[in-house]
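Have a look at the structure below, then the notes.
As written, the chains take the letters A, B, C and D, and residue 1 is the first residue of each chain.
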Amino acid sequence: MPFSYPRTIHFADTDAAGVVFFANYLSIAHEAYEEALAAAGIDIARFFADHGLIIPISRSTADYLRPLACGEKIRVTVTPTALSENTFALDSTLSKLGPPEKVAGRIRTEHVCISSQTRDRLALPPALAEWVKAG
Amino acid sequence: MPFSYPRTIHFADTDAAGVVFFANYLSIAHEAYEEALAAAGIDIARFFADHGLIIPISRSTADYLRPLACGEKIRVTVTPTALSENTFALDSTLSKLGPPEKVAGRIRTEHVCISSQTRDRLALPPALAEWVKAG
Amino acid sequence: MPFSYPRTIHFADTDAAGVVFFANYLSIAHEAYEEALAAAGIDIARFFADHGLIIPISRSTADYLRPLACGEKIRVTVTPTALSENTFALDSTLSKLGPPEKVAGRIRTEHVCISSQTRDRLALPPALAEWVKAG
Amino acid sequence: MPFSYPRTIHFADTDAAGVVFFANYLSIAHEAYEEALAAAGIDIARFFADHGLIIPISRSTADYLRPLACGEKIRVTVTPTALSENTFALDSTLSKLGPPEKVAGRIRTEHVCISSQTRDRLALPPALAEWVKAG
């Protein structure tokens, strides 16, 4: 079972078209990633700060399938996949709660572990590698 | 007891100083307002759209007392006060969970009910007036 | 020559890693799209509101090639390509000013023209179709 | 003459009410502050990062006088005032371009210079103190 994050759509997520701004689908997917890491016992504040080793997102793809309005309830599932010893992908699905539940967006992000000084690739930290492997 | 909204600080809330960007304290207070209205049975999607009657914020004050970092857990309390038949204030407090719990920010917003066409003041809709009165 | 939009990186664009939050590359690309439409004489406020015909983004891809820090100067180029009579793509490149100029991100978005009531596909409005065709 | 920053309202600034989200008036005022500092020769990327001395905002007040829609042109003026050797205020005015020009918002922020380690107050750095004094 993938990790599942419940979320309510907020007014600040929306734009003048009345629904969630497209870039905010990615922000919401990132929240789910943070919650999944925290649930795996990883210290988020430290993880996302720069302590020599950083894990930036190198690529994202997003399919926007349904609009989401303020007050709507969604859940976001997150599934990691190892791509190499330095990289992994996350597949996130944003679904409007039902019944019937309906997919509103699918996001894939690719993450690469590097040195913030040299930009050389580094192995994923053990706790993260374990979380990715557990899928 | 005021309405209380639990919230985790997300990476997107932060800025390059490593903590929540000052304007996002106001966005987080607004989320708590939305949750309080929803808990009172008010249809949020409809409430915040423009259907002739709108309730914009006319004024805000904010005291930023403590920084908030990614992953930290807070709760936001919201207390409404009627100011006139067309206006009300919300006092929101953002507190880092403890023990001991510590206040990180205090936000006050003033809201005025108007016609979106004429900008004339209108009485608050009954469900909202009742929520404000219940304080 | 593609349309080119100059932009300075703001503090609000950044996150606790000290550089622009990944989803904000897409927001910045959207700003360039808005500026390109305005330069083509299209009324932006009306364009992005819902007047029966809407043009949501159905898909995005982004490659994040270099971090961007607060105060840095970039330019964003935007090139539209027609995909069908109802759809088009935008290829945007975010480049840090030089010399030498360096590409920081490449964004592709796909846009589809639909009825906001029926969600049926509609032909692009003439002014937009002309802008896309001029490429 | 106060520093003046031209700005176009972007789609990402707006919310489902069709106009700029209230908290984004503060973000836009902060952009003008950044531009004013840069124009005074201050290195923004360094200024807003944490290098032991930080200058967080301790308080803000905002009056929201007119809605702002996507595509509208505004200018933001910024006037600093010294409050003590460790603190200063910024008064920002967001005005819709005219003629006639119309004030859309007034923002006041208070800033305090502290050690990020001890949270003790520190004197403003000389370049900043000079900019504040020049008013």
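Here is the rule we go by: contacts are C-beta pairs under 8 Å (C-beta built on N, C-alpha and C of every residue); 3 or more make two chains touch, one makes a residue touch a chain.
It should be emphasised that the depicted structure is a prediction, and the values quoted were computed from it without experimental measurement.
Set side by side, the interfaces C-D and B-D show unequal numbers of C-beta pairs in contact, with more at B-D. Farthest from chain C in terms of Cα centroid separation is B.
Inter-chain spacing, taken between the CA centroids of chain B and chain C, is 31 Å.
Put simply, the C-alpha centre of chain C and that of chain D have 26 angstrom between them. For the pair chain B and chain D, the distance between mean C-alpha positions equals 22 Å. Chain contacts: chain B has residues 11-12, 14-18, 21, 23, 27, 30, 45, 48-49, 69-70 touching two or more partner chains. Chain C meets chain A in the complex at residues 15-18, 21-24, 26-27, 30, 45, 48-50, 54, 56-64, 67, 109. In the complex of the two chains, the chain B residues touching chain A come out as 8, 10-12, 14, 18, 27, 30-31, 34-35, 38, 43-45, 48-49, 69-72. Residue ranges on chain A touching chain D, taken from their complex, read 11-12, 14-19, 21, 23, 69-70.
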